[in-house]
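Below are two complexes that have subunit A in common, paired first with subunit B and then with subunit C.
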Partner chain A sequence: MSAHTTTPSPSARSATRVQNRTAQRSLMRRFLARPEVGAMIGAIAVYAFFWTVAPSFRAVDSLSTVLYQASTLGLMALPVGLLMIGGEFDLSAGVAVITSSLTASMFAYQLSMNVWMGVIAALLVSLAVGFFNGYVLVKTKLPSFLVTLGSFLMLQGLNLAITKIFTGNVATNDISDMQGFNSAKAVFASDITIVGISMKVTVLWWLLFVAIATWVLLRAKFGNWVFAVGGQNESARAVGVPVSVTKIVLFMLVGLGAWFVGMHQLFEYNTVQSGEGIGNELLYIVAAVIGGCLLTGGYGSAIGPAFGAFIFGMVTQGIVFAGWNPDWFKFFLGVMLLGAMLLNTWVRRQASRR
Partner chain B sequence: MDRSPRVRKTRATALVAACTTGILLVTGCTSSTGGKNAETASNGMVAGRAKTPRMTIAMVTHGVAGDPYWDVVRKGAEAAAAKDNVKLVYSSDPTASNQANLVRNAINQKVDGIAVTLATPDSMRGVLAKAEAAGIPVSAFNQGLDYWKKLGAIGYFGSDEKFAGQMVGNRLNSMGAKHDLCLIHAQGTVALEDRCAGVKSTFKGKTDILYVNGQDMSSVQSTLTAKLRQDPSIDQVTALQATIGTTALSSVKDANSKAKVNTFDLNKDIVSEIKNGSIEFSLDFQPYLQGYLAVDSLWLNKVNGDIIGGGRPTLTGPAFVDKSNIAKVYKYAQNGTR
Partner chain C sequence: MTVNETTVADTKPIIELHNVGKLYGNVRALGEVDLAVKPGQVTCVLGDNGAGKSTLIKIISGLHQHTQGEYRVDGEPVRFSTPREALDMGIATVYQDLAVVPLMPVWRNFFLGSELTRGLWPLRRLDIEKMKKIVDEELCAMGIELDDLEQPIGTLSGGQRQSVAIARAVYFGARVLILDEPTAALGVKQSGVVLKYIAAARDKGLGVIFITHNPHHAYMVGDHFAVLRLGAMELSADRRQVSLEELTNHMAGGGELAALKHELAQVRGVDVEELPEEADLSL
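Presenting the complex of A and B:
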């Protein structure tokens, strides 16, 4: 672990003004050394940039579109980021989202059940996928990259094959006229209006989950375990951290995130195409990395991936708002992300410089 | 120290190479056929510009960036935009939810019209209702034959995928084919499944479906070669996209198969292959026309209240392109507008 906490000694209070100034600076430095600060400054920079170049970006409606895009990414980037702090990857996360919505849709439709039964079935399947990833990982001690690469491919095949068996098609049937659809839509995909701004409910869920995860990571015992298993696996085990359980739970949290986003997609768009979701796993990892989670584990925060997702949402939508030639879209996206990451690293280096 | 002779030698070689290149360029070793010169000599298709007020139209497709087919669609849309004094904002994303987000983005920008492809109609329902509420007219094109009306679009310009597949099936019957292999290059796309289902429904022989990865041509080629070797009774291969069609040709060659290749869509290579008889026929949906009409219909609607199609879909295809009519189409395909 690279984060240090310094407790001010009692003598600091009675220190001279000069010493007081150094104490203040160290507070500032401690703020800058937080993993998410680089991403926060990057987000402000990107926001200011698009605010300047794209007039239609300034409208409040546009911000809610950006936040919506960020929330669907951020809801997954959060557990993926936690998993990365715990030292592991999940390449199956993108496809697992589609698995979840396919399960819910087909379970409810084929058995003509209330949609909520499908939602519960999807939750169980998603958690099982996460458990599978985690269990195979801790039992075989294979790198998570390989284990989840396997499940990524397996889920991709299952998504298509099972959808075709049950629907005879490659997309699920429309379930919007089934019982329970409207209440489920209200939970997962409704539009809500806050002080005159229409917003997708996912934005609120996202912020809530980020708040909960931040609390768990910084205040709860489980949060300590996550940092410990990601930083020093063996030492963590030696001091009595349940390493296997922690890792399996982290993978199951990714499953939980996949379930939530999957439910959102299903109730927002009524049907699901079985071939989607591929490639999103990398975006989740990108958002987490921009947000200050290290690829090597043991360092990061819950709020960082949220800023990462926000930057990503701003860039993807902002380029369109700016009306730039879409042929250059990916290039601009790459430049922006690289820029945000460089700024991020620079801030962290400034903070840790003596 | 002991490195310097080598460095000097490399430098000398580089100098010689640079001089040679320079001399070659100066002496003018230019190609008299093909290249940019030939291309610029043969463009055209420029109309005047309307005097109607400037307006903005957003075109949101599900095309993959860099796909030649969507490039032709976009060229058509740009031609219409240039003529109609329209600022065209083109954007695309193959993922349904992202495409819906792009439509949301267009609504935020308060454009004067939205031209959209309905590859995943249910995903677009919500945002199109938003567009309607915002008073922005929508034209549908390329895909969504059964849905555009329900979703409130003012017109539809595109194809009927199943019907197109059936036409291929009938044509294969008249050619006396026995066993067709239909190549689906994007798993999970309803339109492609529909085409193969259409072939299956009218073709009297056996129809097999093979899934290939359209993002990776070498894997398409090897998968198809393996399949053709494994089953020598296949005598027709139906590719659903032009680049897959050309790749299928090399697979047939690799596998020493007797199979003939037919395809969907056109590009420069395909028209040459049809001309020299390697490819039997291609089914063309005139993507240029789809892009053109999708924009033009919105303009006409805005300036004159016109509706194209009278509440019925306007089909831009399918039309067979084969040896009998290739001479005419060839030139346009070389220009990249067919």
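Presenting the complex of A and C:
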């Protein structure tokens, strides 16, 4: 056994090594290493910009409008962002919102039931759509781009066709006089006043969900798994992470988000246009990417997409407040996207420089 | 030929393979392999690319299932459907790609899939302090020094990552440690470091399966050598039955080269003097 190497003597090594090696990275660098920092700096810059050019943007009421706009996008950008950290896309997210509100509206109206029954039916359908996406993905191992492109087209067709079968029209009937409507509206679409500022209840829901998601992502087992399946799928599986379950749950969370936003739209407008929602899935992805979620997965945060949605809301409303032609909106959005990407990449490079 | 068991007849093998084979459709990736892994021993599996080394460890580690033969752990026949099941029986694998997530911090990688938590659901949360402390201690015990446990594991050197992965397997109670080409991408010095950890794991009483295509590395730490060729076991011998030279010849495709020696001799510029005769290779 003379050729065998000897065992290192751990005690001798550890005695000489420098203690406290975890505490050395400076606070500034750790802050810059967070994925959402780029979006935060961007949000401050956009806010300052519109504050300067549009005096009416400075009013408190304007802020609540911006926040409302941001919340309806942010409620979906959040689960889409989580899914993106988990390494997948969901192109069906936009039309899934409409599927959700159509289901609730028609289920309650056609069966003349309490609208809450429709809300529950919509929840089940939305979760089922998410489950379908996730299940097909993990079983076929096809790219999520293709799987969800398929479900995007299917849902789009179903939305139109089924609505026409039941209502003979492309929109659903008004459900505002039905039983349970008022309590449902209070939950999903009411106006509330906090310290004298009136705002939509969705803003509070949004902030609450972002807080919960942040906690789960950074402090819970599931969050660890999300980063792992997005960062290196096979490695995660090899060390015992339930990869399939994690991905399916992420898709179902997008379904949950679609349900919530769908319910908000239904109880805000009382009827639903069956052809809407197309194109929104890209806005969700844009918000998540501006918020620092890596397109290839494994990196990002829950608060990042919130900043992304906030920037989106500011640009939408800021253009109006500044009195500019809203036709320019998409152009600005594209500029924002590219700018955010450059900023994020730059910040990340600064943070990882040693 | 069966595995020679005279040297360590007193220790019972943890893992035994009998005639284990694997078919991918019509393709035979592995056929009729016998192997025994005993605690406190390093079993080296050698072979060229495509020899079936990876298939073999994937079967042992539970990523794939064998299609013929018997795979026994502690004498009981098993058939793992996930790596988790193999892990639960103490069979841990350190893969070529190390099964780490490059963008995640060192400590999160260390505990990935086996996170420590505290508190009750729904407030059950990662016990970050405790995990960091354990990682710090474990890495330290292996003599690995890192500046910062928060740094993404992708920023570590190959040898460091390898060592972290070995430390992780040892910490999680592995009885059998499967190392898939741990020295393949490393320089001489870093390979030495990894070989040290292999020896350290063996001295802790683990059964180590060391997959490599470098007979020199294998001979430095190995107790038993198995050479695979084209999916079949070409050699299975204990350390005292085989010399480094023989091992190298088997490994380097010596058998095939010897058969080609005659033909090669007619080609100008090919030196065949050093190639062994076919007769020298049979054991």
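We adopt the following convention: the second predicted complex is superposed on the first by the 324 of 354 C-alpha atoms of A that agree within 3 Å, B and C clash if a C-alpha of one lies under 4 Å from a C-alpha of the other, contacts with A are read in each partner's own complex, and residues count from 1 in each chain.
By definition in this document, contacts are C-beta pairs under 8 Å (C-beta built on N, C-alpha and C of every residue); 3 or more make two chains touch, one makes a residue touch a chain.
Keep in mind that what you see is a predicted model, and the values were worked out from it rather than measured.
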Scan A:Leu82 for contacts with subunit B and subunit C and give back first, second, both or neither.
neither
Between subunit B and subunit C, whom does A:Gln317 touch in the aligned arrangement: first, second, both, or neither?
first
For A:Gly231 in the superposed arrangement: first (subunit B), second (subunit C), both or neither?
second
Output check: A:Lys330 vs subunit B and subunit C. Expected answer is one of first, second, both, neither. What do you get?
first
Could you say whether A:Val170 touches subunit B, subunit C, both of them, or neither, answering first, second, both or neither?
first
Taking the superposition as given, does A:Ala93 touch the first partner, subunit B, the second, subunit C, both, or neither?
neither
Look at A:Thr72 in the shared chain and tell me whether it touches subunit B only, subunit C only, both, or neither; answer first, second, both or neither.
first
Mind working out whether A:Thr271 is in touch with subunit B, subunit C, both or neither, as first, second, both or neither?
first
Subunit B and subunit C footprints on subunit A, overlapping residues:
none
Over in the complex, which subunit A residues touch subunit C? Could you list them?
3-8, 10, 13-14, 17-18, 21-22, 24-25, 30, 215, 219-221, 224, 227-228, 231-232, 234-241, 294, 298-299, 352, 354
Which residues of subunit B touch subunit A in their complex?
65-66, 89-92, 95-98, 100-102, 104-105, 107-110, 120, 122-123, 125-126, 186-190, 193
Which residues of subunit C touch subunit A in their complex?
61, 63, 82-84, 87, 93, 95, 97-104, 108, 112-115, 117, 124-126, 128, 132, 136, 140-143, 145-152, 155, 192, 195-200, 203, 219-221
In the complex, the residues of subunit A that touch subunit B are 56, 59, 61-62, 65, 68-69, 72, 160, 169-171, 174, 176, 265, 268-271, 273-276, 316-317, 320-321, 323, 326-327, 329-330
